[in-house]
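Here come two complexes built around chain A, the first alongside chain B, the second alongside chain C.
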Partner chain A sequence: MLELRLVQGSLLKKVLESIKDLVNDANFDCSATGFSLQAMDSSHVALVALLLRAEGFEHYRCDRNMSMGMNLNNMSKMLKCAGNDDIITIKADDGSDTVTFMFESPTQDKISDFEMKLMDIDSEHLGIPDAEYHAIVRMPSAEFARICKDLSSIGDTVVISVTKEGVKFSTRGDIGSANVVCRQNTTVDKPEEATVIEMNEPVSLTFALRYMNSFTKATPLSNTVTISLSSDLPVVVEYKIAEMGYVRFYLAPKIEEDEDETKP
Partner chain B sequence: MMKIVTYNVNGLRPRIAQYGSLLKLLDSFDADIICFQETKLRRQELRADLIIADGYESFVSCTRTSEKGRTGYSGVATFCRVKSAFSSNEVALPVRAEEGFSGLLESSHKGEGTMPAVAEGLEEFSKEELLKVDREGRCIVTDHGHFVLFNIYGPRAQSDDTERVLFKTNFYNILQKRWEHLLRQGKRIFVVGDLNIAPTSMDRCDAGPDFENNEFRRWMRSLLVRCGGHFTDIFRAKHPDRKDAYTCWSQSTGAEVFNYGTRIDHILCAGPCLHPDSNFPGHDIVNCHVIECDILSQYKRWKDGNSFRRKGEQTVKLEGSDHAPVYASLLEIPDTPQHSTPSLSARYNPKIHGLQQTLVSMLLKRQAAEGSATCKISNSFSRGNIVLGNCSQGLNGSFDNGDLSGLLPDESCSSTNIDTEDSLLKTEESSGGDYSEEAPCNTLITHESLHTKTLHENETRKRVRRSSQMSLKSFFQKNSVISNVADSSNANSSINKADTSESNPIEIPRSDTHITDSGKYFEENPDQSHINAFSVEREKSGVALLEWRRIQEVMQNSIPLCKRHKEPCVARVVKKQGPNNGRRFYVCARAEGPASNPEANCGYFKWAVSKSRHN
Partner chain C sequence: MLSLRSCYCLRPITLAHPQFKKLIFSNKPPSFKPIFQNFVSAMSSRPSAFDALMSGARAAAKKKPVNSSPKKRKALDSLDPPPKPNSSLALDSTPPVESQCVSSTSTLDNHGDPNLVKSEEAVDLGETKLRQDDGGKFGGKIGPVANKKCASSVQERTAKLKSSIPELKKKAKDFNSKQFACWNEGERVPFLFLCLGFDMISEESSRITITDIVCNMLRTVMDTTPDDLVATVYLLANKIAPAHEGLELGIGDASIIKALSEAFGRTEAQVKKQYKELGDLGLVAKASRSSQSMMRKPDALTITKVFDSFRLIAKESGKDSQEKKKNHIKSLLVAATDCEPLYLIRLLQTKLRIGLAEQTLLAALGQAAVYAEKHSTPPANVQSPLEEGAKIVKQVYSVLPVYDKLVPALLNGGVWNLSKTCNFTPGIPIGPMLAKPTKGVSEILNKFQGLEFTCEYKYDGERAQIHYMEDGSVEIYSRNAERNTGKFPDVVLTVSRIKKPSVRSFILDCELVAYDRGKQKILPFQILSTRARKNVAVSDIKVEVCVFAFDLLYLDGQPLIQKELSVRREHLYDSFIEEAGYFQFATAITTSDLEEIQKFLDASVDQSCEGLIIKTLNRDATYEPSKRSLNWLKLKKDYIDNIGDSLDLVPIAAFHGRGKRTGVYGAFLLACYDNDNEEFQSICKIGTGFSEAMLEERSASLRSKVIPEPKSYYRYGDTINPDVWFEPTEVWEVKAADLTISPVHRAGVGIVDSNKGISLRFPRLVRVRKDKTPEEATLSEQVADMYNAQKLNHQNNQDDNDED
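And now, the complex of A and B:
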């Protein structure tokens, strides 16, 4: 028996919107500690990890560990039927073929049940290791989304370079090039507007903007985004979900084109 | 000589963008009559720059239906190159023009001359049916005096879509009645366009044994002279044996790479020749007047020398239509009596020229009309411009400064990067060296294997660089030179912890670098903790690296390899409605081609391991 009651239902809606373009279908794993997901995109280049801790739910009951395979597009269709203020409850019986999403309006005068068929998805759980990163950048998520969107109109890749002074996003395309530098800035009124850089070593890595842009679909989840970079590890783009957990995206850098080799 | 071109443009707007302007696109054919199909223009979107070009008269038909999925994808346009639109005796300038072929569309009724609208045998169709075939913007008929030209975009119908098959059947039946009617009147007919029918198995790359039995292919062959009909497929008449002559290639499968297409764009003609002794045997319009007919393959999107599309890489989108144009050149077509442009011409369409004008044309008109009055306005305008110019200069200046300051840290960044890389490489060498010296039990064999490994990695690294596909795999290959060493030392230190004599010598050179590194580190973060923490950190990142390599392997291995090339497949999702809708599957990533070509798509297919649970 599984029953998860989430007062802030819009959160789940946002989570789905943030990952459904990247991931086709995935297993949601429920345990006594929380509700989580780990999945790859269809080309197996990027990884998504989601965690919603049990404490964040108003009511969390999970009698035994369960793994529910869902088509995220279909799940998103169902969650779109929930109002932004609705309370969402996820329910499933042990060994059931379906999962039920219950939406309650805040005034309790409307209750809807949506039942969705589950899928059998064969996926291995990948233990993603904790690691120390050369540089960690925390910045306003909207700013990061804006930069990725802007740069993708000029080039296909973004070079993210972190120095003590700041973080630089640059691209190059047929029509020209672009550089955006965000300086370390902690003297702001609101902490979520700060740009904080923790750096052990300067790094400069290249990423496909196509993926970065799809990561920024998670922007509504959090005011800030944390980008952790190391020259020998995949980048982590993390959106914290207030008091509940996170959505993390992992992506390997592109190999920078070697100028000598491309010359004839 | 007269040249007729037919081209399924797959959207007129992108083709205009490709060539810079409609005029440049039209001029590139150097033809007298140019027939476009699939313009994808809706009536409300018709603008002068899309359909009006100097030196051409244009006749446009847009889709009128509001059926779901049928708006704004068809549409045909005929462009006639003329020197004068009035009192001209040029053949290219039509005497009459008509939208649709049922003779029922209102646009064909107004104006001076409508064509002899109704043909015999149309009574069996209801007015609704007749109107329906003409509502999708699939036909423009132009009467050029000596011949009547049909610019057709034939409907496409999946064999299991009964409604569309019926539509296609009606479309061609009504069309055929019209043709027969005209032929009985002694007219000559040219039918050009994308008919969406490949008449014989020779015209299709993957024709199966039943290919020619399809009702539409049978119908099209029944039109031809050799089957007792009236028409000649000019391309086949001129090139009876040419194989692999295709005009359309599937967009989604990269079929152009291996010329794996179909010939569905045609120029058909019927009727007597224009000679006075036209009744002699061997005289007909094809034998007497058509000199050449061929496919303009230079308009193909795919050019030899383009790189292969494979491995699911997102390559640059090929520019151009998925069709190639076909042309026919005619000889000895005499002038016609003097006539003017029919009223269907786009120049008379008030929606195009009457309502919306461009800013430039408006200002120009105003200038001419107002004369001295405009002087003042332009003065004040130019002053405003100067101010604006200054302003933008100022902005530019400040941006330049910003850029410079942005660049400086970048340089320092890259230089430090090189330094760290160097030191890393050094560490690797020294630790590698120490490793073999101090750990004699592992002797030369490991040393050699390490070496060959690095060599191999270097090679793959070069190859990887050329491809733009990023995957965790290629990323780890790049770093595996360093990580190899890290691995072995890590593994050794963790597994053989008891054997201190072996693990210690390895640790020594590494901790050396730690000290230099951490020296730097401490300058920056004086309140950070002690050296031990740092080496723990190092070890942790080594473990993380190992873990990530394992994850990578799992990710990579979970993509199936295709059976012939052993290359990773691409994942796709079923879009078709039905029980499998939304299901994911894997297919060979290569472009489709003939089965005989081992380089082409091998047809590998595998469902992704996820399916709906049974209820």
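And now, the complex of A and C:
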């Protein structure tokens, strides 16, 4: 038996919106400690890891560990039927092949039940270790989204380099090139507007902007984003979900190309 | 060039351990190893594998201006200190980590890592599943060992597969499938096995050798994982479903280009440019080197995985279906290694072109079944069981062209019972029987000497096979087994009405003809082709259709195709009631009088028919599905003064027009199709029969099909130097005065002359055949037959003259 009651239903909606374009089908794993998901995109370039800890739910009951395969687009369709202030409850019986989403309006005068078929997904689950990163950048998430969006109108890839000067996002395309440098800035009124750069070693890595832009769909979840880089690791773009957990996106870097790339 | 991809491998590591970096960068391409041997040795003294990898990469990057090898950067992975090529899992440097993982499973939960949350003891069923997942996911208790074994065997297997693949060429009796297979019984057959087989077939031209290879491949699958045989056969046939299901992959070049660019992290422009250079997206895929590293290399492809994905792709429909299809392709591409991308793309385009004809596949399937026979021994009177087995499979396939039924029946009941276990069933169309062209009434009398025969009008409409099932449902299939039920709802109503009430089920062979009920007149084919193609509503129908029935293949649960035409026709006349303008029997006479036939022919032409079909009645008069049989002959009104039938040919190249024709193409190079070699063979240049408008229209439509170089499967003389080449897309109906042997053209080369082909004299365009695909063009075999028939006729005429 599984019953998870989330007062802040809109949160779940936002979570789904942030990952459904990257991943089509995924297994949601429920255990006594939390509700989580890990999945790779179809080209195995990006990985998304979601965690909603049990403490964040108003009511959390999970008798047995469960893994529920869902089509994220269908799930998103159902969640769109919930109002932004609705309380969402996720219910499933042990061994059942369906999951039920229950939406309660804040005034309790309307209760809707949506039942969705589960699917069998053989996913590859990867162990994600804690790593020490060469550089960690924390910045306002809206700022990051803006940069990615702007750069993608110029080129397809972004080079993220962290030096003691700051963090530089640059791209190059047919029409020209662009560089955006963000400097450390902690003297702001609100802590979430700060840009904080911790750096042990300078790094510079190239990524496909397409993925970065897809990650920024998680911007509504958090005011800040943390980007962790090491020259030998996939980048981690993390959006913290207040008091509950996080959505983390991992992205494998591009290998720098020779100019004569098209020639075999 | 080989395709390379780098990938990150995330592995289960849970305890902090200074020596081991947490993410392991691994990769495979064995073929580049020698090039980078220097790197390997230079780097191997580094403290950790991972450092070596990445710094190797950086070193390579820095060296860029010096080192001109364009491949260097991709070789990161080959720097793996324990040089184990082709590993898709990063096991090389991880064993100690794995053991940690095992010991640490109980301390996982506090890390907040999603995958670590659920490593408790499994209790019930639901969790058993979870635990199994865990094994694969993050190396649970059994995981690491099993995984390791599997991984090393993956590389070994690839190597072994590659080294042993030439064995497939062995004569079947010397071939030991059990020894050959490097996967376990019941394990999914690797896709690479199929691709290596394709590779081998494409280098063979002898049909016997190809049959042996395919037969050995099929036997290997049968003896190890018979469950995979259906998928294997479908992929070998480059099909995804029987024709009548109408399931198509529906993937355009654009989708493939997109998928390629996204899967390999390249821009579409780069892919397109390379496509222009190589002319084959399969080769582009093969040559694509990825600039995008991966989180983890996906598991190796299996035949079933590929085939299932293909069916999924075909079934995607509606909104975003192109996007979904592209994603399926992408996930196949990223998992493909070695020559797999090449064949993956060609299969997706349904342009395999390795010279494997379906008849060869069927023969190989029959032979393989004979070798694998466990269920029964061949009947005592069979002289050569192999040939007999091949014949049975071909015959059964002609009446039941559905591998999903045929293959399991073959596996379960054996080849000798196949004709009993698989039979003709309503709802599954069979290939219609076809007629051979003849040139005159006298020729018919010659061919049918001493046989009783009948003449029928040859109506100018659309051939249709109407299936009426026991439950009252009706399906109409075209000549190509496409489901046309939606196009003729009026015919569905008609057949249900005109059948006698006692009739429960039937399959009718007939011609659907446009008909003017007011004037009681047959209308030309061109009118019929103006009808809408899909989801026609009865109320919207403007072109009325009359059914002209001429054969009955199945009646009340009994197949009739083995019966003589006289019997079938009797059943036909007994089972239906004619209704003028809706359903009529084909007008027929039974006579052997030359003059009477001539008159009947003239009458048929007066009735706006194409001519006559002449059929044997009693002897050699069974229905032979999909065969162009000598027992049916066609005599068209316009055969008589020229070479007989028109030809359906494919324009493959053109010459720029001059003078009046400046700006359009002045002449086109036409080709017929060779089924055995899967190639287009040039047959003539054509420049007449075009109206100005027509020429402009054809030039415009072909201009978008221009390709920079002739396809590898075009055969043409070296002296033809066309200005542009085309994709094979259109089919033109062409008439000609005469067939001659030509040193320039290549149609039917090797059939009538060892190195000369056949050419057409005075060809002229009749119309564009929109209903045929290039592969359905006139076959080189048919061209050769026509040439031989013409030669014979000329001789006959000369003889006649001499006697005179």
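Some observations on this one:
Rule of thumb we're sticking to: the second predicted complex is superposed on the first by the 257 of 264 C-alpha atoms of A that agree within 3 Å, B and C clash if a C-alpha of one lies under 4 Å from a C-alpha of the other, contacts with A are read in each partner's own complex, and residues count from 1 in each chain.
Note that in this section contacts are C-beta pairs under 8 Å (C-beta built on N, C-alpha and C of every residue); 3 or more make two chains touch, one makes a residue touch a chain.
Just so it is clear, the model here is predicted, and its values are computed rather than measured.
Once chain A of one complex is fitted onto chain A of the other, the partner contacts of A:49 are limited to chain C, with no touch recorded for chain B.
Of the two partner chains placed by superposition, A:83 touches none, neither chain B nor chain C.
Of the two partner chains placed by the overlay, chain B and chain C both lie in contact with A:130.
By the touch criterion stated above, A:118 is placed in contact with chain B alone, chain C being left untouched.
Look at A:71: by the touch rule set out above, it reaches chain B but stays clear of chain C. In the superposition on chain A, A:168 makes contact with chain B only, not with chain C. Of the two partner chains, chain C is the only one touched by A:31; chain B is not. Residue contacts after overlaying the shared chain place A:181 against chain B, while chain C stays out of touching range. When the two complexes are laid over each other on chain A, chain A has residues 24, 40, 42-45, 47, 122-124, 126-131, 208, 210, 231-234, 252-255, 257-258, 261 in contact with both chain B and chain C. On the chain B side of its complex with chain A, the touching residues are 312, 314, 402-403, 405-407, 409-410, 412-414, 416-417, 420, 462, 464-466, 468, 470-472, 474-476, 478-479, 482-483, 521, 524, 537, 540-541, 543-545, 547-548, 550-552, 554-556, 558-559, 570-571, 573, 582, 584, 609-615.
Residues 24, 27, 29, 31, 33-34, 36-38, 40, 42-47, 49-51, 53, 64-67, 94-95, 122-131, 156, 208, 210, 231-234, 245, 250, 252-258, 260-264 of chain A are the ones touching chain C in the complex.
Chain C meets chain A in the complex at residues 1, 6-8, 10-14, 16, 21-23, 25, 50-51, 53-54, 57-58, 61, 64, 70, 73-74, 76, 101, 109, 111-118, 120, 122-127, 129-130, 133-134, 136-139, 262-263, 265-267, 270, 273-274, 278, 287, 289-299, 324, 327-328, 330-331, 333-334.
Contact residues on chain A toward chain B in their complex (touch as defined above): 24-25, 40, 42-45, 47, 69, 71, 73-74, 97-98, 117-124, 126-132, 161-166, 168, 179, 181, 200-204, 207-208, 210, 230-234, 251-255, 257-258, 261.
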